[in-house]
Amino acid sequence: MIVIVKPQAPQEKVNEFIQWIESQNFKTHVSTGDYSTIIGLIGDTSRLQEDQLLSYDIVEAVKKVTEPFKQANRKFHPHDTIVPVGDSGLKIGHGNFAMIAGPCSVESEEQVIGIAKLVKQAGATMLRGGAFKPRTSPYDFQGLKADGIKFLLEAKQETGLPIVSEIMNINHLPLFEDVDVIQVGARNMQNFELLRELGKTNKPILLKRGLANTIKELLMSAEYIMSGGNENVILCERGIRTFETTTRNTLDLSAVPVLHELTHLPVIVDPSHATGVARYVKPMAMAAAACGADGLIIEVHNDPIHALCDGAQSLLPEQFADVAGAVNAIRIAAGSAR
Amino acid sequence: MIVIVKPQAPQEKVNEFIQWIESQNFKTHVSTGDYSTIIGLIGDTSRLQEDQLLSYDIVEAVKKVTEPFKQANRKFHPHDTIVPVGDSGLKIGHGNFAMIAGPCSVESEEQVIGIAKLVKQAGATMLRGGAFKPRTSPYDFQGLKADGIKFLLEAKQETGLPIVSEIMNINHLPLFEDVDVIQVGARNMQNFELLRELGKTNKPILLKRGLANTIKELLMSAEYIMSGGNENVILCERGIRTFETTTRNTLDLSAVPVLHELTHLPVIVDPSHATGVARYVKPMAMAAAACGADGLIIEVHNDPIHALCDGAQSLLPEQFADVAGAVNAIRIAAGSAR
Amino acid sequence: MIVIVKPQAPQEKVNEFIQWIESQNFKTHVSTGDYSTIIGLIGDTSRLQEDQLLSYDIVEAVKKVTEPFKQANRKFHPHDTIVPVGDSGLKIGHGNFAMIAGPCSVESEEQVIGIAKLVKQAGATMLRGGAFKPRTSPYDFQGLKADGIKFLLEAKQETGLPIVSEIMNINHLPLFEDVDVIQVGARNMQNFELLRELGKTNKPILLKRGLANTIKELLMSAEYIMSGGNENVILCERGIRTFETTTRNTLDLSAVPVLHELTHLPVIVDPSHATGVARYVKPMAMAAAACGADGLIIEVHNDPIHALCDGAQSLLPEQFADVAGAVNAIRIAAGSAR
Amino acid sequence: MIVIVKPQAPQEKVNEFIQWIESQNFKTHVSTGDYSTIIGLIGDTSRLQEDQLLSYDIVEAVKKVTEPFKQANRKFHPHDTIVPVGDSGLKIGHGNFAMIAGPCSVESEEQVIGIAKLVKQAGATMLRGGAFKPRTSPYDFQGLKADGIKFLLEAKQETGLPIVSEIMNINHLPLFEDVDVIQVGARNMQNFELLRELGKTNKPILLKRGLANTIKELLMSAEYIMSGGNENVILCERGIRTFETTTRNTLDLSAVPVLHELTHLPVIVDPSHATGVARYVKPMAMAAAACGADGLIIEVHNDPIHALCDGAQSLLPEQFADVAGAVNAIRIAAGSAR
């Protein structure tokens, strides 16, 4: 950690500050320039709050040198993590590509089993479906809840596809016992109480980036889960909030190579929620595959017009088959070009 | 709700669409222009999802005409809500100004009681203090939890100041029985499970705007609480995330008059978290009072340098007294100028 | 254009408003609902200002139905525009892919000719190089100006590569007589005086999206050029400003399919300026090719460490050759998958 | 300037780097920690490009310690600048408050003279009016140009109010000979060619912050003007672009105290363009005065409904008189509270 001292700081105040730092068991290195003095702090600075240092009147700025995430950090864990999905044999990461598809909401037993069969045939390796739905309005459909999970499990039974579904309340955890991957939605990315409890399970967690969260905050949220002992975290880029209005959010695909550099965890992309428009899903899915994503999560509905949520961004099963084929072609080309 | 039809839409498809709309018990009004046809939907469109309509191929755009928030909407409740705070006689809203002050985190019994006495003397009408702390890093101090609440209640006993503290997990609700106002933090603004449960209590809820949430989403989150039967919601603007880096977030003071127009709920401002810098708290507190805020929530610490969190943005008690005086002067000037 | 009337608007005021509208030679269609009245305006509403309508007290909202861009609009010009580049035979758009490479700044005759030869060999079809440089600081290197253009023209002579260079001042136009494509930089996207003058030339214009500009504003700036008679506009996505800090800007690749839908103009992508980091250029170039970009513009320098600007984002010529090969592979895969 | 070296950097590469730095006539101070090595560069680092350093493979990050703006920097010029306005005796800054009012566009001689008289009576100290209008669409009204300037000068003659008007093209400079203050609009904040030429004049320049520009970029643009010898720069906060849609832009009032800390130049606020809504102008003008702005620029029109631009945000003269009175009351209260 580096502390930059204000130009006019009186020397005695600087000395006092250095004494305090050293009393906290840090070593210091001081560089004095024409315009400013710089103090390097050596030691485990993860114990120190930037704010504490900034409170000293003589301090102009504080710069962290080492990243605050440890377990998620590729520096300390250079090899790609491969997340195993249930007892299905399916894996995600390090070349294992996840093609997750399914309806936004589970609406009925027939619906979800029907879609599951179709997406499996079209190339999906996992089934997604929402049983508990985070909706901006309390008056919108909130999901079938326990019944939704039940129908998903039936679809899993029928098709063999592992399932992923979103949790919104830690008290619902018992319902997720047979769910293969538990999703934490964008709005709960910094619901630290939920993350901490999921860290105590051994379930793979699909952690979506919040709409206004930086890549480093996403990694800190992964760290919450991992610091509890659960290393099976899958990160998901799903668009961030910007001023642009032609798409629901702005898909930040640069996050894929940036995350691959900073962390060993797998990174997947959700083009459906990011764009909010079905006809942009194919090009963005292809782009995600081209820049190295470890998987995709795509909304598919057999009857988008009558879907109870997010119909505008859902593909028909035959459209999904077309996307899956295109993504496959891109992955082959990208793989040999890498 | 208005549906704009694509220019080249075949007439028979448009007719089919209109039949479907009318089969859902809406009346329609159709206007045909040179470039496009517009269909007005008359009826309770809060039942309808925009997405459902957008899924029809012939639909170019859908515009909501009525706001989706009802109970928070000033159109239907023209008079300002006044939120009573516990049995203290204190009120917030419609000219009742709340001056809330205290430390970011409760650190010890002595600390919080000491600060409580000082801020009361300096003009505070309520005491804030965090017992459960949402921290970006799992390795940072997470609050004293149950003990923190206990110390706050002792400070309340000593000073008579009503207290406000943040809840992060609905399972902690029993601990908040004697807390006067429960805060929902920015990161939990769309933790709908938490909001829904708080809607079943009769506690005043201080609801902070999320870093990437629009004013209308803030109102929809208030609606979650109100639709459960709890009408005592206090809204709080605390900065949004933008590209600017000289302040931690960008305080959106225009939200104050906008919210006063859209809703009858009281609106307070948090200049400490918004700017993240103690020396900007005074001018922004004065600005908030000038544009009509119903209160302020300000971080005060007796020893910011050694504060366990957010020291850089905390005022000393004597600085807070100066801010409180200035805010008072502005309120008097603004009151007669309004 | 649609006008939504406020719920409590007195009928006589509404009638007055309708009379005024009709006096401006628009036809109106009125739909009266339970909550609100909607007035559809039929006629050439591009003459009307939204603001003018909003000034009427009874008006709640105004919605444009038709887009304000005409010449750039795919609705009126369904076929892809193909921009011819000088007399070189090179074309951009509708399957003609532009691979533009070169240094940020022209630094010397040797430098630019040397790089030109290397990038040509590596697969570039055009040479870029800045002679006039927009720099945030007045103290930074501002480009070689007229000499820079001269050196670029020599590089063109040597290699046969058409050249693209940025204009910052309309008075410099005579210097650009032999430049094949004139670039308008992001900071000048809304320098309307410059756009208007470029509309009077017949040069292809490479128009970069501003850091805070929407896709529709980009199209309106293209419209400035086209309304002057110059239809040879190439659009360029180069990243927008968001809160994320691991990349210089956030590359908005969704802009590629959105622009292809809204306009017939070719769309290229600049991954170098968008990310600001050389090692992210390859994955983002591949992603751009996968989602349908009509070209790429990439910074290449033979000695990035000593480059006078933007060294951190420049590729070495051999790295560029690797990118060009990968992009080619992706384009083939994407072409057959489309 | 501080260079942070990558953890695994080979020592010989680090030594090479240090030699290169020292060959550029900088002194270095090296601190070696457990996780990373830090190199402090001492000397005039404004000559160095961050990018150049980042191009070295061993460099993880570079941190500027001293600000790149010099003439605008309060560190080197601690006293407030007071900008004199023409030969009118009017001054801006250091307690001299500018109340600038007038129509968005000059529409006719009668209009601008009429409004000038009314705003003078209502408390304005300067008249604003656009003769050259930057419009998003080429089809919108672009201003009366030379005639607009002429009418403004007549209004000045009639009322004695100094005038401010926007320049869009440096070739128009001769027309502005008798204009008292030249405005650079938000879209031209980084039109460096224009800034440089204005730096050669001795006219006061009203420099508006760009919609996506940071506070430090605003100061760098001021530096462009000042480095040419013109020290009469007035900064203007007018809203930045965010995701919020209830106001046109988000007025960043924190910029006022931040700018007052970083620079000695006066700072004014434009609540009309920032909010885009007439009824939010009064509260935001009051807030701006409360947090220490040195002036306001407010749109006033005698007939907003028929204004040729921005009618929705224009006040009637009597509304402006009310705002001016309220602002005055706030300034008195704020002055004694400061």
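Chains: A, B, C and D, in written order; residue numbering restarts at 1 for each.
Here is the rule we use: a contact is a pair of C-beta atoms (placed from the backbone, for glycine too) under 8 Å apart; a residue touches a chain by one contact, two chains touch by 3 or more.
Please read these numbers as outputs of a predicted model, since none were measured by experiment.
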Remark   = Matching the CA atoms of chain C with those of chain D requires turning by an angle in degrees, to the nearest 5, of 180
Query = Most remote chain relative to chain C, going by C-alpha centroids?
reply = B
Ask   = So, what's the distance in Å between the C-alpha centres of chain D and chain C?
value = 26
Request  = Can you check how far apart chain B and chain D are, centre to centre, with Cα atoms defining each centre and the answer in Å?
outcome  = 31
Note = dist(centroid_CA(chain B), centroid_CA(chain C)) in Å evaluates to 39
Message = Residues of chain B that contact two or more other chains, please.
response = 212, 240-243
Request  = Under the touch definition given earlier, write down the residues of chain C that touch chain B in their complex.
outcome  = 2, 4, 7, 29, 31-36, 38, 40, 42-43, 60-61, 63, 65-66, 75, 241-243
Note = Given the complex, residues on chain A that touch chain B span 46, 49-52, 54-56, 68-69, 134-140, 168-171, 187-188, 190-193, 196, 210-212, 217, 220, 223-224, 227, 240-241, 304-314
Key: List of chain A residues in touch with chain C within their complex   = 212, 214-216, 240, 242-247, 250-258, 261-262, 274-275, 279-280, 283-284, 286-292, 325-326, 329-330, 332-334, 336-338
